[in-house]
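A quick write-up on the structure given underneath.
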Amino acid sequence: MSSVNMSVDLNGLKLKNPITVASGTFGFGREYANYVDLNDIGAISVKGLTLEPRQGNEGIRIAETPMGMINSVGLQNPGVEVFIKEEIPFLRQFDTKIIANINGNNIEEYCKMAEILSYEDVDSLELNISCPNVKNGGLAFGTNPSVVKEVVSKVRKASRKHLIVKLSPNVTNIKEIAMIAEQEGADCISLINTLSGMVIDINKRKPVLMRGSGGLSGPAIKPVAVRMVYDVYDAVKIPILGMGGISNSMDAIEFFLAGANAIAIGTANFVNPKITKQVLEGIEVYLAEHKYNSINELVRDLNV
Amino acid sequence: MSSVNMSVDLNGLKLKNPITVASGTFGFGREYANYVDLNDIGAISVKGLTLEPRQGNEGIRIAETPMGMINSVGLQNPGVEVFIKEEIPFLRQFDTKIIANINGNNIEEYCKMAEILSYEDVDSLELNISCPNVKNGGLAFGTNPSVVKEVVSKVRKASRKHLIVKLSPNVTNIKEIAMIAEQEGADCISLINTLSGMVIDINKRKPVLMRGSGGLSGPAIKPVAVRMVYDVYDAVKIPILGMGGISNSMDAIEFFLAGANAIAIGTANFVNPKITKQVLEGIEVYLAEHKYNSINELVRDLNV
Amino acid sequence: MKFQGLVKIIQKEFLSDDVFKIVIEKPKQMDAVKPGQFFNFNVERMLLRRPISVSAIGEETLEFTIKILGKGTEELSLLKTQDEVDIMGPLGNGFDTASHKKVLLVGGGIGIAPIKGLGGFFDKDGVEIKTLLGFRDKPYMLEAFKAFSNEVIIVSENDADYRQGYITLPLEETLKNQNEQFDMIYACGPSIMLKSVQKICAQFNAPVQLLMEEKMACGIGACLVCTCKTKSGDFGYKHSRMCLEGPMFFGDEVIFDE
Amino acid sequence: MKFQGLVKIIQKEFLSDDVFKIVIEKPKQMDAVKPGQFFNFNVERMLLRRPISVSAIGEETLEFTIKILGKGTEELSLLKTQDEVDIMGPLGNGFDTASHKKVLLVGGGIGIAPIKGLGGFFDKDGVEIKTLLGFRDKPYMLEAFKAFSNEVIIVSENDADYRQGYITLPLEETLKNQNEQFDMIYACGPSIMLKSVQKICAQFNAPVQLLMEEKMACGIGACLVCTCKTKSGDFGYKHSRMCLEGPMFFGDEVIFDE
């Protein structure tokens, strides 16, 4: 369609275009296949997987907030085995890369999943370290530098697949966490996961979500995400998959300029199921207008 | 006007009503006096003060974001001496409490300001620990537990005034910081200050703000603020002054239910200069409808 | 491909203070629409779309009946004839309308909207219809229900011109009456009403389809935020997506919370 | 108390593809309005208000001329006659209009809007007015300027029907002409134009008032996000608030960045 080169290489994971979809916002692709050609998407990060099937959280799982939403799905998923049997074959019908988003209650579970998936037809593992760490009083793995070090190095040893480490934004120093992930063998960093947030129903006088807090996503968090991508770019050499509130091609371009090599669209899929294609086209127009030959030239190409 | 008791006692700072305005969003009250009766406001936290006058940051200082804004004012203010001479006498004409928001480049400056203000007619000191710590590579004082310990304990020794410690939300564990502040002698906790965020101008290809990142405020951050108030309530016994994105009385009630004893309105003043009074009235109606006799009964009165 | 895009509004009318209907032109490429299905409406001022059931299915038109509840439905109420609105659908499973002779329709609050769509559908098939409607205040849209129903019973919580009380009263009376047998009961309304309807129908061993409502995001089964508990599944229950496996569930499937 | 509240729109008209004017009813309790002052308009879809200068000051009305630039001005463009809009003001210092015999008005882009307000004001006082207008594309609103000006010179960057180029060309020519002397020059337009105007006027030692524009939040001097550098002050420069100390600054006060 355009003469601009849109392919990117995320340190071993080669995408035909840099537009991916964020884990948990696109199911296993099936549902969206009715609205958008999955062949137009660079990669699909599937719904967060766990070793065993999970029922997810009880009660209300969503609350809308000003230009955002908080969710508390609780990793409902059919488990990694069903994913392998039923979802990989479905997704393989399309020319898009498969990123398996893996989640554990403890480090052993993460490693077990990485091992299992090593022998399966997925293109990358995305280690979601925003999961609550049961051993650590429920605080997320991704908020404690020494836990990050341990989980990344062990998962790295458990599998030779392309490994993305997905960072939690609920930390004091995102650079420190990113550097540890790089040092322990991550091939790529993805960020940001959701911000921790709460909505209270003032008529029922209780938090809308049964667990109290949930994950804030959507346009509201975009400035936080752009800032973190910018910071992490300065801290690591491995590529960055940026996300958080991207709703149109202008938003996506902000992320590339901040330092992302590829981007993921999350919440915006709910609003506009065709958004991935539209963002791709919008970026192509911008690149052509600004005389870029390749999307890679846009990465952190700031006038400073 | 209403029979509901709206007075609150923030551990020594007695307010006739729990609606205050957030530092940096209300100047020294002068400008808003043309739009709202300052006598209707429980307390005014003035524009962040420094020991010496400050020019503030160069270049563009604001960017709008989805239901939020980021600012980079850089503490432009006339210095504590001018505040004492010109602004305290002005504010004392009104029946509202004065909170002096103090900011330093280093711990000595914080202490010096606290000392100076000890002998002046202000009702409370609000220690803004979100300032960049020059000694610590520009990272905010409020993000490092041991620095928080030192600055709060020293300021506590420097002044016997009512002391509010204002927390930065850009931390992994807000409870830990709040507990340290309490332990070192804070009378009250205020939160949240702005989230760190960035907006990039994709036509000029540079961050809108000259310093790159700025402080995100407004409705976008409300769920984060409510969650942090909720968490801090569980961690400390001292009262909480809650803020972050409050734009109407429903928002304010969320903060009381999360655990705030009083609230501050910031960015919403820019949109609606009469908002303080309107929020006060809205809360009174809610309290009456829900058969509360006093605002204090609403604090963390969740059905759980 | 399923439909998502702009449709033209060809009629817009307020039915009461806070309830309005809009009729849109059905795009040619749209799948067939069943009663009980819904569309996800884009609302410019809000992040998320708003799910709205069809309240009448014409050859070339679709009707929606909407109650103003918050900012999203308020913005929809500002739409005018000739305006365009971005919708996606039809979504969800809709009602199971396997051939029936006699059905009982039960609608409470704005839950009467999809019930109206269902009645219109059965009417064409010559099914005998008894309808129970519950309102909080003054009833509206009664003509439409009278047109397709053999009998309509109306209750209102606050309008003294009508029998006062909840819809569960006439429901119990109807089911007690051995002379009347229904092949299927269909109900839509607030969660608390559906819970009672489920219980009453179980008592009388009467089959019932419940059309559920919950806050949604994607509306197509991808995000898992709209789940309710249903009895099937490995653990005695599972979390089913209202938008995809529902919004219609059979009375003996759903587990209501608390 | 200063005015903040709803005002009624009594006229609304598009002047070009993307420029429209609205006329509002001036509330009785509002302070007197000076040319160069502005009002902060509430825009429901956006967080912050949008500052807009008055482009004509009537006895009982105020006129605003607005260019659609982004979402906020787009939403304002949807306002219709009889609608209400929430504004606050008048804000800012406005132009210094001390008695003059002959003035030169310089407007570029949508900066012609406040210049029009100023011309209307001087016209009543019988001041001699020469006006220079710069457009990017096709000029609009020319009638109004011709009505109050003794001479109007128009340039456009892209419209071949007019002299092409920047407004700084006729400005330099005008100032070079020793036969014409102006008591004061008034300019409004994009920052880059004002910077050139400042420079040219300095060369010719001509006094100039610049009406500046910058993104604002509170609009009343409280938040300090709208500052520009001005020469007065202890440090050789200080940060002055465009909304309160401005938006009018004298040419010899402002320090432009870079």
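When the chains are written out, they are named A, B, C and D in that same order, and each has its own residue count from 1.
Here, a contact is a pair of C-beta atoms (placed from the backbone, for glycine too) under 8 Å apart; a residue touches a chain by one contact, two chains touch by 3 or more.
The UniProt protein names, listed by chain, are A, B = Dihydroorotate dehydrogenase; C, D = Dihydroorotate dehydrogenase electron transfer subunit.
What you see is a predicted model, and the numbers here were worked out from it, not measured in a lab.
S.K.: Touching both chain A (Dihydroorotate dehydrogenase) and chain C: give me those chains, sorted by label.
M.R.: Common neighbours, chain A (Dihydroorotate dehydrogenase)/chain C: none found.
S.K.: Among all chains, whose Cα centre is located farthest from the one for chain A (Dihydroorotate dehydrogenase)?
M.R.: D
S.K.: Between chain pairs C-D and B-D, which one is joined by a greater number of C-beta pairs in contact?
M.R.: Per the contact counts, B-D leads.
S.K.: So, what's the distance in Å between the C-alpha centres of chain D and chain A (Dihydroorotate dehydrogenase)?
M.R.: Centre separation, chain A (Dihydroorotate dehydrogenase) to chain D: 47 Å.
S.K.: Whole-Å distance, chain A (Dihydroorotate dehydrogenase) centre to chain B (Dihydroorotate dehydrogenase) centre, using C-alpha means?
M.R.: Comparing mean C-alpha positions, chain B (Dihydroorotate dehydrogenase) is 34 Å from chain A (Dihydroorotate dehydrogenase).
S.K.: If you average the CA atoms of chain C and of chain D, how far apart do the two points sit, in angstrom?
M.R.: 55
S.K.: Could you tell me the distance, in whole angstrom, between the mean C-alpha positions of chain B (Dihydroorotate dehydrogenase) and chain D?
M.R.: Taking the mean C-alpha position of each chain, the two centres sit 36 Å apart.
S.K.: Mind pulling the residue numbers of chain A (Dihydroorotate dehydrogenase) that touch at least two other chains?
M.R.: Expected reply: 67-68, 218-219.
S.K.: Taking chains as nodes and touches as edges, what kind of graph is this: line, ring, star, complete or other?
M.R.: Per interface graph, the chains form a ring.
S.K.: Of all possible chain pairs, which ones touch?
M.R.: Chain-chain contacts present: A-B, A-C, B-D, C-D.
S.K.: With touch defined as at the start, can you tell me which chain A (Dihydroorotate dehydrogenase) residues reach chain B (Dihydroorotate dehydrogenase) in the complex?
M.R.: 65-68, 70, 139, 143-144, 170-173, 195-200, 202, 204-207, 212-213, 216, 218-224, 226-227, 230, 245, 250, 253-254, 257-258, 286, 301-304
S.K.: Would you tell me which residues of chain D are touching chain C in their complex?
M.R.: The contact residues of chain D facing chain C are 44-45.
S.K.: What residues on chain A (Dihydroorotate dehydrogenase) touch chain C, complex-wise?
M.R.: Result: residues 24-27, 30-32, 34-35, 47, 53, 55-56, 58-64, 67-69, 71, 73, 76, 218-219, 267, 269-274 of chain A (Dihydroorotate dehydrogenase) touch chain C.
S.K.: Show which residues of chain D lie in contact with chain B (Dihydroorotate dehydrogenase) when the two form their complex.
M.R.: Spelled out, the residues of chain D in touch with chain B (Dihydroorotate dehydrogenase) are 1-2, 4, 42, 46-49, 88, 214-227, 229, 234-235, 237-239, 244, 257.
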